[in-house]
Amino acid sequence: MIKPLGERVVVKVSEQDMKTASGIVLPDTAKEKPQQGEVVAVGKGKILDSGALAPMDVKKGDTVLFAKYSGNEVKVDGVDYLIIRQSDILAIL
Amino acid sequence: MIKPLGERVVVKVSEQDMKTASGIVLPDTAKEKPQQGEVVAVGKGKILDSGALAPMDVKKGDTVLFAKYSGNEVKVDGVDYLIIRQSDILAIL
Amino acid sequence: MIKPLGERVVVKVSEQDMKTASGIVLPDTAKEKPQQGEVVAVGKGKILDSGALAPMDVKKGDTVLFAKYSGNEVKVDGVDYLIIRQSDILAIL
Amino acid sequence: MIKPLGERVVVKVSEQDMKTASGIVLPDTAKEKPQQGEVVAVGKGKILDSGALAPMDVKKGDTVLFAKYSGNEVKVDGVDYLIIRQSDILAIL
Amino acid sequence: MIKPLGERVVVKVSEQDMKTASGIVLPDTAKEKPQQGEVVAVGKGKILDSGALAPMDVKKGDTVLFAKYSGNEVKVDGVDYLIIRQSDILAIL
Amino acid sequence: MIKPLGERVVVKVSEQDMKTASGIVLPDTAKEKPQQGEVVAVGKGKILDSGALAPMDVKKGDTVLFAKYSGNEVKVDGVDYLIIRQSDILAIL
Amino acid sequence: MIKPLGERVVVKVSEQDMKTASGIVLPDTAKEKPQQGEVVAVGKGKILDSGALAPMDVKKGDTVLFAKYSGNEVKVDGVDYLIIRQSDILAIL
């Protein structure tokens, strides 16, 4: 797996949030809600102005929630991932 | 419950502030006033440049006041929540 | 009374500055002058990057001066208040 | 006199810079030059990120020079004052 | 090889990401995906406000991923390179 | 002489850079080049976030170079000066 | 030679990068590539918020690469120089 730099995290985006429990795709406006995905790789953390390293709060395997349009999309071995900064992650599910 | 990251807080938004004591919905301009909600989950706090962790001032169960359009809306198990930064919370009621 | 967060302050805005000593309402342009109000609640203070807490300079009961359009309006028990950051307060009268 | 907060200063603006030595009012463009005034009250100073208080460089009685349109105008007991940040003061005359 | 300053890195951009495995050039929108390249030179690192030097996380020989339009293009001895800040590198492959 | 605040410097702008050695005034585009002047007064220096005072690098009598449109013009006793921040001074001649 | 202030550097811009090896001037778009020049004077360095002085990484005699339109042009004794901040220098050749 690719190694994200700094406080970046690699997330495999879940497609589930685009469907309701009954399998119907939500209309466009509903899609603006945050997306979820699984963390597959975690950077070492952000270096603070003091020189200290801020430890990461998310770890491999966590399911995380993040705002749409955060991060950069990247395809590795045919699979789509998102590389986002931890500061753009809203919560761990 | 989802675990918010950093200084983020999960709030269950109250619908009350859209009605007056006599149950009449306020006109649109009045709705621009701050909203209130109940804190259901609290992050660990913000890491300062010095490396220190700024402790959180709100705790689970607090009723908080925040400006409209703060934070990100998220639906968990069919219930709507708001994930906002503590710095966007105006006051504890 | 509500408890403001961080360096925020709750102010009960005075209507006096919209009238002259002889009771005549000033024209619109004159209303752009700073407003005054009474501090009714004070936050704990701002946490600095060093981790230190900057003590508050205003206290309950102070009459303060602030620029118009600072802060967020909020109605508590039918009374209008303003929640503003201390850094937006110009002076204590 | 009102007590300015932080690094703010209360200045009684002098009207002199709008007249030449011979009493003729300068044309509009000349008025864009910095204005002068007398310091009538001084704040405690700005709290730095380190928690230290940066001492004030101006004191009551100083005649100071500042750029036009700096600060907030305020009328106290019928007299016009300007509340400006020390960082907007250019020099002491 | 040229020596990049601060936290800058010299990268030899790979043209591969503009073709699929079967050799077909991807359409324009697909080209907006991050690009990859090989690190050929690394700066000493960024000097933090504390005076400390933040060590570099990438080293010569690493294959890195970065957002398109990052950095400055430069031609050395007829070969095209990109000089980018490490903070603009997303991940190491 | 007026006392500039913080890292500000008072400069008596030289008119020389608007003429060539042979006395011919340069065309308008050439006038966009930096201007020069003599330092006539120097502030105490800038207070850093650490509380330390950054000592000044220019001193009274230095001939300095600065970009056009830096600083604030001020007339003292009929003479035109410029009050500029040291950080806007490019070099000492 | 003039003494640049802070982290500024004086560079004698080389005209070479506007010609190919065979002497043909490159078209306009190619001219947007970084420019090169020789360092003729170096400032003392930038003062950090901690009060420490960040030592300079370039020295007199270095051939440096920088983005076009960086810095301020200045003519000294009939020769054109560029005064740029070290942070705008991309690399040492």
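Going by the order they are written in, the chains are A, B, C, D, E, F and G; count residues from 1 in each one.
Quick note on the criterion: a contact is a pair of C-beta atoms (placed from the backbone, for glycine too) under 8 Å apart; a residue touches a chain by one contact, two chains touch by 3 or more.
A quick map from chain label to UniProt name: A, B, C, D, E, F, G = Co-chaperonin GroES.
Just so you know, these numbers come straight off a predicted model, no measurement behind them.
Undergrad: Give me the step distance from subunit B (Co-chaperonin GroES) to subunit D (Co-chaperonin GroES), shortest route via touching chains only.
TA: 2
Undergrad: Using just the Cα atoms, superpose subunit C (Co-chaperonin GroES) onto subunit D (Co-chaperonin GroES) and tell me the rotation angle to the nearest 5°.
TA: Copies differ by a rotation of 50 degrees.
Undergrad: Distance-wise, how many Å sit between the C-alpha centres of subunit C (Co-chaperonin GroES) and subunit F (Co-chaperonin GroES), to the nearest whole number?
TA: That pair's centroid distance is 40 Å.
Undergrad: Cα centroid separation between subunit D (Co-chaperonin GroES) and subunit F (Co-chaperonin GroES), in whole Å?
TA: 22
Undergrad: If you look at subunit E (Co-chaperonin GroES), which of its residues touch at least two other chains?
TA: Within subunit E (Co-chaperonin GroES), the residues that touch at least two other chains are 48-50.
Undergrad: Looking at which chains touch which, would you call it a line, ring, star, complete or other?
TA: Ring.
Undergrad: When the cyclic arrangement of chains is written out from subunit A (Co-chaperonin GroES) toward subunit B (Co-chaperonin GroES), what order is obtained?
TA: A, B, C, D, F, G, E
Undergrad: How about subunit E (Co-chaperonin GroES): which of its residues touch subunit A (Co-chaperonin GroES) in the complex?
TA: My answer: residues 33-34, 48-50, 52, 54, 57-58, 65, 67, 86-87, 89-93.
Undergrad: Which residues of subunit G (Co-chaperonin GroES) touch subunit F (Co-chaperonin GroES) in their complex?
TA: For this pair, the touching residues of subunit G (Co-chaperonin GroES) are 2-6, 8, 10, 41, 44, 47-51, 72-75, 83.
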